[in-house]
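Both complexes shown next keep chain A, but they swap its partner, so chain B is in the first and chain C is in the second.
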Partner chain A sequence: MLAALQARAAATARPGRVSLQLLHKGARGVRSSDARASSAVQPAQPSQPAAVSAVVQLDEAGFAVLPKELPSMRGVDFKQELDPRYAETIEVIIDGHPVQVQKGSSLIQACEQVGIQVPRFCYHERLSVAGNCRMCLVEIEKAPKPVAACAMPAAPGMKVFTNSPIVKKAREGVMEFLLANHPLDCPICDQGGECDLQDQSLFFGSDRGRTTESRRGVEDKNLGPLVKTVMTRCIHCTRCVRFATEVAGVDELGTVGRGNAMEIGTYVERMLDSEISGNIVDLCPVGALTSKPYAFTARPWELRSVESIDVLDGYGSNIRVDTRGGEVMRILPRLNEDINEEWISDKTRFAYDGLKRQRLDTPLIRPDPEMPLQPATWKDALTLVAQKFKATPGARIGAFAGPLADVESMLALKDLCNAFDSEAIHCDVPAGPLADCRAAYTLGSTIAGVEEADAVLLLSTDLKREAPLLNARLRRRVYHDGVRVASVGPRVPLTYEYEHLGDSVSQLLELANGTHPFCKVLAGAQRPLVLVGTGAYERTDARGVAWAVQKLVTSVPALIQDGWLGFGTVQPTAAAVGALDLGLTPLASSAAAGVGASDGAIAEPLGLVYLLGYDSIDLDRLSPDAFVVYQGHHGDVGAETADVVLPGSAYTEKVGTYANMEGRAQRTARAVSPPGEARDDWKILRAISELAGKPLPYAGVDGIRERLAAVAPQLADGTESIHAVSPDIAKAMLAVRASDKFDFDTKTPFASCIDNFYMTDAISRASTTMASCTKAFAK
Partner chain B sequence: MPRLLPTHPKAYTSIQYPFADQLKKFAQELRIGGLFHAVNRLRQMNHLRVGRLVGEDTNGNKYYENTNVAYGRSRWVEPKVPLVAFEMDKYYDSSQVTPEWHGWLHYMSDKPGPIVKAEFGQTWTVPHKQNPSIDRSMHYTPPGHWKNTLTRGRIGPKYEAWAPDAADAAARLPLRNYSDNTHTLRIE
Partner chain C sequence: MRAASVQRPASRLFRTSAALSAGQGTHIHRDSAGNSESTPWEWTPESLKKIDMYLARYPDTPQGKMSAIMPLLWVAQQQTDEAHATIKAKPSYDGAFAFDSPQGSGGWVPLAAMHAIADLLGCPRMAVYEVATFFTMYNRNQQGKFHIQLCATTPCMVCGAYDILASIEKHLGIKCGETTADGTFTLTEVECLGACVNAPMVQINDYFFEDLTPQSVVKLLDDLKAGNPVKIGPQNARVHSLGPLGRTSLKSPPKGPYCRDLSQIPAN
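The block that comes next holds the complex of A and B.
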């Protein structure tokens, strides 16, 4: 029973935490794991074997039956999974049981593979081994003294004891030393209730300390607006330092001094300038590093957690939304090996206070073009919009879907407009010329597959800002395997060394013609990868750029081969792939983002403009008699322009499907209810269709899912798998005509599509935390 | 018929004689101080205890012991209260027990105050003072308490609605803020 409970706790434990903390809060751990198991929408990831592996099953001979995929594979370099050397197992005897463990694992991993949790502070499976906390001491037969399990490789026939009197005494001693200098401020510490030190001192510590010395005091460091520090609590596990240097690639954090005088900090006071710095809050086993915006606002046992998906960028990170009393209190990462591993970016983690500001909570109608918007009832607002739909000819109806729109509402919008003979349904994606080819607008190689590449070319992208976690994956490849990365685009620090080939179209053309020296690298690579930022298509010569990209892609045969699609676009928004899958028209370029412009060509001025969370409207091109409807959750530019505002719900308030940049459809979960009178977005559109006399053929969530399955099956099946594009189709679609001639703008340099990582959409623009980040970090 | 088993002596339980011990103690108090003393103590203590006076501290508290009752109830302190006192709780507080008597009173040691003082007393110790907040007027009452004239502030809304008008936006209540309750409690 205990083992089963432990296993479940291990499955649901907060990443980076020892699962024992959940043992005494068993009920919560079990509940959330049940929720995961029963949810058809989000089945367990195939690559998350932790839950199965923690219970040891023995066969007749008494050997542990091991799951096919071992948890220690997680976080291990990709090559190890392919390398047959690592598939071998050796026998070690753990606590008297002979068990087979993977060769090359350390003792702590070996114990974990058979379901024994060794307490630890400094060891983290995604970071290098430091071995400085000594909490993981175990006894090995014939060893003169206890050894640190995290730093000791398992050898065949080794006899390990994890629960002997010596081990217990050693743990107790380590705990006593750690606590000798740890302040007794648990009641005012934000980590209280989810603190590894609290939990492990409860389980492994002594009931009294013997120190009479005075405690050490350490000055707090200022790490910026996101991470709060109380450095007296630090136990010097150096997880934060290792994360900063190994994963985030910022060398600012380090240790100063030795022994009792050791301190964690930046050598000279400076802020931690990284897009993924928030993860050190999760990593810190004690309350030394905590979240500044969350400080003193809630206790972990008051929170209700909902497992959801992030939509503030195109990465689709899996998150856990913690709420209390109908309010989002914080956002934490959730483990998904294929996407975000166990990290999330700072925007994902800290922009949640934007969900509480500038909200649209009641329908608004502008009675007169000169007057401000007035609160109205749903009935009046919807009837007015329905009338306009009936009165406007189809050619003059235009719809625009913004960066946070979910697939269901975009589908309803498209169906509604089509019912009124309008085809002008646009989305906020500048993928222009390549919008018909799924291989071109998604990340063909998949996110995890990026780590298989052996030569990478980046075009017009600042990967560190557009997809910080993708950049971290690439960084790992560069450092572990010396993968060559080159970039045509902005010269920005990417936390690793890359060749900057230039930033103008001429370099791209050289590459496309095969005259550039880097073409040799691409041609020589087994699995080359070309990543294009959408900034490349926001230019006036986007068509030409797309043609050149196509030419480049087709000229390197290894880019598209069986089982490898080495070409993809880094989509910066969560709506992009879903919108293109549904067949919404992308805006050719941001310059052409005016109303009435479909692919650059100005048609008849629009009489009815329907904005679904779309805020980048070009006011100059809006005809003065246009009737603007804004449906969304935040009062931003779009709502200011609108004649009618219909309040929708944000991603924490609805169940919506989103496809991330690799084309993986995932669903958000409803963590809190929408504010005031706001409603689910697709239901609003359905209601308009009803009032306008052409009801959409679905009235429930099942109905719209069925419709989605008919229109875009890859988004509807809810298996979170990716529908790979066949290489033949990709090749055929990307083939170029030699006769094409374009005017290239060699003056304008390639730029990234986002200029401020912290403010990219209505939610992050409304967030004060993101505003202070912008002030602190944005250049 | 002769009895084979010895009979038990008759037990006087409090069920048979509910007030027997209290009557007996009242009689003892009568004997000690007369009727006025006995009635006053019954009124003040509502549970009569008679014991040996062990000593007295600098605050005038008297320490008693009665070894015939159960451990844990055998030592007690009688605070110094005026002879005729109403609202008894105005006059005593556990912080009036002086440090040298604390150990004896709580069974930490068997050494009464004077001995403790002689053994461990230091020349530099300051005289004992009781906790001043026994004075009700010095008690802390938060805003909203019936004795505090300051009204409790309003906890802000859970979200901030977008106001099309800048004037409306300025008139809004500030957003709910858990980490700093200056808005909600109006702590001045």
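The block that comes next holds the complex of A and C.
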């Protein structure tokens, strides 16, 4: 938006924070519009940004004399790079400069391609064009009146003016109408400082209003615990409505009434029940829709932003963590076309208050099984754990990595246990029988590739909850291209139409045997896709299910072909793919798994249980004399059972590698420091190894990365690219004997692996926002 | 206080029109005793026949079917018009006629009916809400038995619509947007109803009453309430919308040249 403009104006004033505030003071001064305006016309301070003109000249009527020409939108440099994908270009003349733009672009896109920002409110590249705010008016030679650049296709030879006097006047007119009903409540508005209307009124707003009427009042709507509404601020751009209907697939939001009485709302009181509703907060160009949990907690210019990634689900959304004074204030999406585009799910965005509650910030030791945990020093706690490692035979040591564990700490955990002859290192992944085949436990098609699929089969997954943004991509595919989606699993609303084939193993077997009618659809598709939810493997007959899935996948040739791997698992946790890449043993069934009940790998009851953020422990199956170490950041179930608690750091406090469901390794960044005495997770494990007398062969972060590169190079190269499995290998690994026989449980229906989207891990379980969402939305 | 030195070259009016604010109330649904999601709604056989007729007019696609939202809302309003039979309408001149069935203006669309429409057409409920709130013709709340829609657009206003309004308000003791305590009358101010030649006028349920005076409108309301016959159309001696001099133009077939040969067009 005008951020570039603003940055430029800011650069001419003073660096950093100060100039930003000045700018907004400028903005307020320029458009204060009530009766007190006469006194508000003060000579501007000399330090005011250049764009607002140093000294305000007044005409006889007392109005500011504004420059006739708009400030140029940037130092005009029309040498642009063309996107090679769209080789065809046309020539248009923008502001007197002949430029090549891609054929089929609208004028607003054409201007963007050559670096000219046209102000806008309603236009958004990911939503349909509404053309209703009229802020993007430009002049076209020979056109009788200014035209909306967002809705006008660029035609060859078109002469466009983006900063002529007519354009300026038109935009000023639009701005005046927008402000006529917009409250002057910027000082108490959460959007203040990052508001498109505020920014643009700086350039197109008048220094006073001409209306004598009171502004219209609009009732605020209750959209639920996440989105706060102040509907008098709404400028009716309808971005929120378009997002809800086009991307999120909820039809509850709309425009009611007409003319001056038009409102955005739900007509009947309805909460916005969508896993990605928080994005309308980002989309709203004004402060009509703001974040409820963030309300009145910070101003944008006080925040320090760190670019990171999200680990609360397996999607790996790119995020920006905004902090102030060592505290995470909010989380926003960051653009990544291959993963989350510019959206994030509500859990990603709003669970951050869980980072501040129930934290483990000091080592704890339980002196006696009957006594509560007591604070201890790092030295005592680590020495105790080290002793246990030395004293327990390797076969009786078991380690369990939870859903939020980063690759580095899992590697250190594995190396530590291996050093003490233990092979029982487990992860919280029910990938079950397919844990050896990367093509099977990742999303072979890649996330963006889902939009190339032309027939989709879902197995045992509630995609809308397990991966809301993946579901939104699939929705787009269904809506734009009419792709057929079928599901064997829970009958849940997915925001698009799909064929529900059933929810029992019999349908899967029919599909695997090629007798089900949907097999024809898969066989006829160029790029079929089979997505399996991990719920399919959380069953007693997981081996049989895996066999049937493999049989199905290998029976459709187009599923695995050169350049297309149409088979994948929707991993619900951020640790899953990394853990399997490192060779951790998946638990047969995380829900049913007590410690010691995994895959039959452990014969003896465990004497030392090491829980790395692992909370799904089954207390009844833990042998009473087991010594339990819990390393993690939240006082969740795992910590309560522990004999020693070692405080680790959460994803906003450490640099950690995580592989998302498509196998893309990305790193989190340290936005704040861990609370109290908490430490980086892998360093804690390294320290134990030292004290136990078998130091791990790496000391610094470079060391562990080197080690990672040796064990799992695909996680360590730092390129954030996906290392695809070759089709031949995938085929070979997935091949099964058709004659194998399994006992199938035809009674238990296929279910999703999560039952409450809002609470899936220690952080979201500690979040009050997520708790209120659970109350409002969970079935 | 505004400082005297500040000139205001123009001031603009952004007032919400009475029709929208006073007449139609808010654009947000509030549950009330007779109007909530759980209120039962059944289409009558006649309505269902009409619905079939309307649906046949639109393409049988999700988009096409949504075009039927407007006629279906109207069918719902026809179905809820209970007062029609009690209005003894007398045509005021030859050729004018009274409707033998409710046309829709005397009814309202309950929320449950909107939902029934959405289910019938397979479209989001919001799409129906959006249409129903956009047009003042759809009443989203139960109106009085007689719904007076008073036109106050320019021609009627010039001819004294506000005097008529004042007279009605005084007589019934209600303001625009309100319903009398006995539930007999609802008064709404609306924009032009297309009878400007015979201004000022009101529409009561399905009928126009034109050429009103502050006195004649009071009598009209009393007659309606008492169930007496009422004259529809001009309340004075006017025929159709002829001016005082009677018919002055278009008395003979228009002279040529014609854009098409009218003689070639079969009669009827």
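Methods note: the second predicted complex is superposed on the first by the 686 of 779 C-alpha atoms of A that agree within 3 Å, B and C clash if a C-alpha of one lies under 4 Å from a C-alpha of the other, contacts with A are read in each partner's own complex, and residues count from 1 in each chain.
The rule is simple: contacts are C-beta pairs under 8 Å (C-beta built on N, C-alpha and C of every residue); 3 or more make two chains touch, one makes a residue touch a chain.
The shown structure was predicted, so the numbers you read here are calculated from the model rather than taken from an experiment.
In this superposed model built on chain A, chain B and chain C occupy separate space and fit side by side. After overlaying the two complexes on the shared chain, residue contacts for A:L184 are found with neither chain B nor chain C.
Of the two partner chains, chain C is the only one touched by A:E252; chain B is not.
By the touch criterion stated above, A:A710 is placed in contact with neither chain B nor chain C. With both structures placed on the common chain, the touch criterion links A:G326 to chain B but leaves chain C unconnected. Once the two structures are overlaid, the count of chain A residues touched is higher for C than for its counterpart among chain B and chain C. Of the two partner chains placed by the overlay, only chain C lies in contact with A:T266; chain B stays clear of it. Taking the two complexes aligned on chain A, the least Cα distance separating chain B from chain C is 7 Å.
Chain contact summary for the complex, chain A toward chain B: residues 295-298, 325-327, 355-362, 364, 372-373, 634-635, 639-640, 675-676. Those residues of chain C that touch chain A in the shared complex are 1-3, 5-17, 20-21, 26-29, 37, 111, 124-127, 129-130, 133-134.
In the complex of the two chains, the chain A residues touching chain C come out as 35, 37-39, 61-62, 180-181, 208, 210-213, 216, 219, 245, 251-263, 265-269.
Those residues of chain B lying in contact with chain A across their complex are 158-165, 175-176, 178-180.
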